[in-house]
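The following pair of complexes shares a single chain, subunit A, combined with subunit B in the former and subunit C in the latter.
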Partner chain A sequence: MNLLEIKNLHASIGDTKILHGIDLTINRGEVHAIMGPNGSGKSTLSYVLSGRDGYEVTEGEILLDGESVLEMEADERARAGMFLAFQYPVELPGVTGMSFLRAAVNARRREAGEDEVDQLEFVKLVRAAAADLGVDNEMLKRAVNVGFSGGEKKRYEILQMALLKPSLAVLDETDSGLDVDALKIVSDGVNAQRGDDCGMLVITHYQRLLSHIVPDFVHILAGGRIIKSGDKSLALEVEENGYAGLVNAA
Partner chain B sequence: MPHKLSEIISWPEQREKAKSYFDSYGWPDNRNEAWKYTSLAHLQEAEFTATSSSVPSKTSPADLEGLSVQISGNMVQLPPKDAIPAGISITDITTDDGARAAAFTYLADNHLLPALSAMHQTSAIAIDIEKTDSASPLPAVIISLTGSSKDGACYPFVVVRVHKGAEARIAELHSSDAGLSCPLMVYEVADDAKLHHIRLQTEASHTTHLGLNQMQMGKNSQINSFAISMGGALSRLETHSLFHGTDAELAQSAIYLGRDRQHHDITSFVAHEMRDCASRQLIRGVLDDKARGVFQGKVRVAPDAQKTDGQQMSRALLLSRDAEADAKPELEIFADDVVCSHGATVGELDENLMFYLKSRGIAEDDARNMLIDAFLVDTLDEIEDPDFAAFMTSQINRWSLARR
Partner chain C sequence: MVATTETIAAVEDATGAYKYGFVTDIETEKAPKGLNEDIIAFISAKKNEPEWMLEWRLKAYRHWLKMDSPDWAKLNIPEIDYQDVYYYAAPKSAEGPKSLDEVDPELLATYEKLGIPLNEQKMLAGVAVDAVFDSVSVATTFREELAKSGVIFCPISEAIREYPELIKKYMGSVVPVADNYFSALNSAVFTDGSFVYIPKGVRCPMELSTYFRINEKNTGQFERTLIIAEDNSYVSYLEGCTAPQRDENQLHAAVVELVAMEDAEIKYSTVQNWYPGDETGKGGIYNFVTKRGICRGDRAKISWTQVETGSAITWKYPSCILKGRDSVGEFYSVAVTNGAQQADTGTKMIHLGEGSRSTIISKGISAGKSQNTYRGLVEVHKPAEGARNFTQCDSLLVGDKCGAHTVPYIVSRNPSGKIEHEATTSRISEDQLFYCLQRGMDEEESVSLIVNGFCKEVMKELPMEFAVEAQKLIGISLEGSVG
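What follows is the complex of A and B.
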């Protein structure tokens, strides 16, 4: 069964139509990249997938493991295996990292009918995953994202992804605000989670992320539609010629 | 000690002054600027008798250790003399007009709450804390104020004098069942002295609570104070903080928690009279159902109070469409070399934060509770004394669990 199937998806914010019929299928083990110019609907697609309030699906269907998610709240979709790495992770003053991560992991475990992880075991689990991503203990003790640099926030997103083990990971502009070193750490973190259990949708404006996280498929989004699909060479074509040629040809 | 605002007048005279003030003005309603958001019109028709309660039980709250002082209506229970260490003295001054008059003169005239106290005072206690040579800190003094009669009223008066160089820890626990509860607390913190202070109000759901805390600060003194108001039908906590010496520091924060039709009012007046002093106030309120919250905060910086650092921030969180919060911050600055700021916000839970938590699989209700707790927990870091911090945190947790 397909992991994710998006069929003829139309979506609006208020009276503004943003997505005009998107078709996309992702299987487990595949990494798909969505590229597109500013305003093409990339972030809208990520929010519509993850169930953010205020985004209305006016037509079409989103199936996760064959089940429609349109009637599901954001938290239900997450527990069903969806994960969104935010372009701009929000700060949560007063919410300590450990309690937040544990609440998230336990919510997912309860859904799967597994036992909640106990505190000691959880600390070990987090420390191991955090070390791989260069997230130190000091960061884990602080309130979520409060006072983190741009790079730290992105690493923290990938840490959450590593702990939650989603079946579908949507990475929204994960490269924005990262310097070369941070980009490498984050990309390594993402690549470590590639595998037969997980499908990924990597949303990006620039090709540079895709030389670190090499996609199996590349789709160009413009004007709320996918105007061209191909393999990783399509990303290089964009890098070379920009979006204008593709958009005009479509 | 701080200079006196007015001359000592005898207790009978004080009482007469208060009566003539009250006869002229009566209970304030919204037309009175100081009571614009908190009308006491409902008290006009109410008739209360001064409560004479039975001797209170000697047990102090299990989760807070210290010397227990119990005031229930007009009954006072002090700790046994041999339990009180050197450096602390606790005196019942209910029938000592001279002592009452001496303590009372620090209060401003023409003000409702002192007037009520002078007219009706049901009990009065003086607590003196002196500097000791002992290396171990003095125990906390825990003042439990109760009163148990729906048609009764309590007017307890407590003066706490922290003498030069001493360090005191005082907890006020207000849990009256009376119809009207009007506690008046005066704290005189002398030069180089330090006061750790917490105040918890968990009174009955029918109680009108009108509390006044007066704080006087000497040179180089410090106050670390934290209040939680969560009980009562209508509750007003007024704090008047006066700097009488230079280089003093006041940290004074408060949380109010309202549900059903509760009305919580925090009214604060900080008077910077002297130079090089600092005040820092964080006020947080959470309002559910049809509850209403009011914050009025005035900071006045006198012409001579140069280098004043005055910070004030109030935030209210509305959990229901029917809840309401009003804020009136006021800065009156007459000195030119000061750093002062204030701010007041009223808002709902941030949708962006809610979405972030939900996108991690955390259910709506759990996400809400996490954000409400986070909103409050932040301020609890202001409490310096670890026992007091743990006690106040447990009160917030209890409230939080009861909400769910």
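What follows is the complex of A and C.
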């Protein structure tokens, strides 16, 4: 069965129509990239998929593992296996990194009818996963995203993804705000999670992320539609010629 | 306050009902309704009090008659008919002091249900409890253990009989009888409460706590607590409060006095979860409390920490008189209001001693249609050379029908005093909520997580045994506040 099936998806924010009929299918094990100029609807797509309030689907269907998610709340979709790595991770003053991770993992375990995590074991598990991403213990004691650098915020997003093991990961502009070294660490973290259990949708403006996280498929989003699909070479084409040619041709 | 599993069950309970709302069916002895000198004499006689105590009460009563209910708080207080209240109610089986073995099993079961097992073997090691049920103390645990180190922890009615010199010296010394309307009322009719005495140089070996329960219908609870910490001693004390769900509002007017001598430290924590009433405020507790401590000696320290989630109306300003040189006062507060609750709470820091310092951290969370006011006074008097105060007042709004208000009063009579006041008001942002939801937490857990983060500076001041419980309580109090 397809992991994610988006059929003729139309969506609006208030009275403004943003998405005008998107079709996209993602299978487990595949990495799809969505590229597009500013204002093409990339971030909107990530919010519509994850069920954010204020984004209204006016037509079409989103199926996760064959089930429609349109009637599901954001938290239900998350527990069903959807994960969004935020372009701008949100600050939660006073909530420590470790306790936030525990709450997220426990929410899933409760849903699955499992016991909550054992505190000590969980700390060990998190520390191991954090070390791989260059996230130190001090950072986990700090409040979520408060005073984090751009690189720290993105690493913390990927750490959450590593612990929550989503079936569908949507990465929204994960490269924004990262220098070359941080980009490498974050990409390595994402690549480590590629595999047969997980499908990924990588949203980006620039090709540079895709030379680290090499996609199986690339789609160009413009004006709320996918105007062209191809393999990784399409990303290089964009790099060379920009979006203008593609958009004008469509 | 330790029934973690029970609390989790309550959190999971989607109805969000007040879990302490049950009534204990127990035979009660009551004084007739109403207030007059005969009733006061009845209470005094019930407690086997000496003559001087009755005189003290009557004096207070006569003061009270001449006083008016305060109207300066941002509270809408319905008229209270003081003649329509029972001032004394006691479980019949609880006459006189008892050993734990003799306590009515029905009462033990009640406290068990509240998460306060009074059986010493079952209790949290290191916490001694005085359980006050309506007008009487029904059990005090670990007394012998405490007595070994010279600590006195007993019902105040017993202290009046056993330690009259201490009572005469200190009761009313911090909160004078005629201090305010409710303290005068309390002084006239107080029924029970706790007495703590920590001798010189003693660090109290365990946490002390009092658990207040109002059970009887139409009954007021007027408890009185007095804590004395002699030179170079330390005590940490915690109180918890619940009441059954009723249709009528009930009155609670307590007085707490703390006395800290040279180098002594008193840490006083409250987790207040009186029944808040229904969505319209019907049936909740009216909580009018006077709490004040004095740092009499040099370098004495008094620290108030409160987590206030219950009551229909809260009128409460735990305060410190910083008389000793280099004495320290602290006030850490979380006040959560939801539904139709109203809270007007804060503190007073009165700087008299040279080099005295105070810290105020107040976190107000308003949800539903509630009104939440911080009201605080910082006063630096002439002799308080070099006094310092830092105040931080943060308000968090959940929804758009509630109100948050901050009313600081600052008076400085010494130019060397340094007073800082910071205040913020914020909302739970849609971004924060979505971030948590996207990680799989449901809406209520998300709100609870964000709010607990907001309160963290205060929560970390609570004794560890109670911090977890208080966190969950905040979650429960905010159920149904979003969406």
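Simple rule for what comes next: the second predicted complex is superposed on the first by the 250 of 250 C-alpha atoms of A that agree within 3 Å, B and C clash if a C-alpha of one lies under 4 Å from a C-alpha of the other, contacts with A are read in each partner's own complex, and residues count from 1 in each chain.
Simple rule for what comes next: a contact is a pair of C-beta atoms (placed from the backbone, for glycine too) under 8 Å apart; a residue touches a chain by one contact, two chains touch by 3 or more.
No experiment lies behind these values; they were computed from the predicted model shown.
In the superposition on chain A, contact of A:Tyr206 is made with neither subunit B nor subunit C. Judged by the touch definition given at the top, the superposed model places A:Phe122 against neither subunit B nor subunit C. Once chain A of one complex is fitted onto chain A of the other, the partner contacts of A:Pro89 extend to both subunit B and subunit C.
By the touch criterion defined above, A:Leu164 lies against subunit B and subunit C together after alignment on the C-alpha atoms of chain A. Comparing the two interfaces of subunit A, the one with subunit B and the one with subunit C have residues 50, 52-53, 73-75, 78-79, 83-84, 86, 89-90, 92-95, 99-100, 103-104, 107-108, 111, 143, 160, 164 in common. Residues 50, 52-54, 73-75, 78-79, 83-84, 86, 89-95, 99-100, 103-104, 107-108, 111, 143, 160, 164 of subunit A are the ones that touch subunit C when the two sit in their complex. Against subunit A, the residues of subunit B that register as touching in their complex are 350-353, 355-364, 366-367, 370-371, 373-378. Chain contact summary for the complex, subunit C toward subunit A: residues 429-432, 434-443, 445-446, 449-450, 452-457. Residue ranges on subunit A touching subunit B, taken from their complex, read 50-53, 73-75, 78-79, 83-84, 86, 89-90, 92-95, 99-100, 103-104, 107-108, 111, 143, 160, 164.
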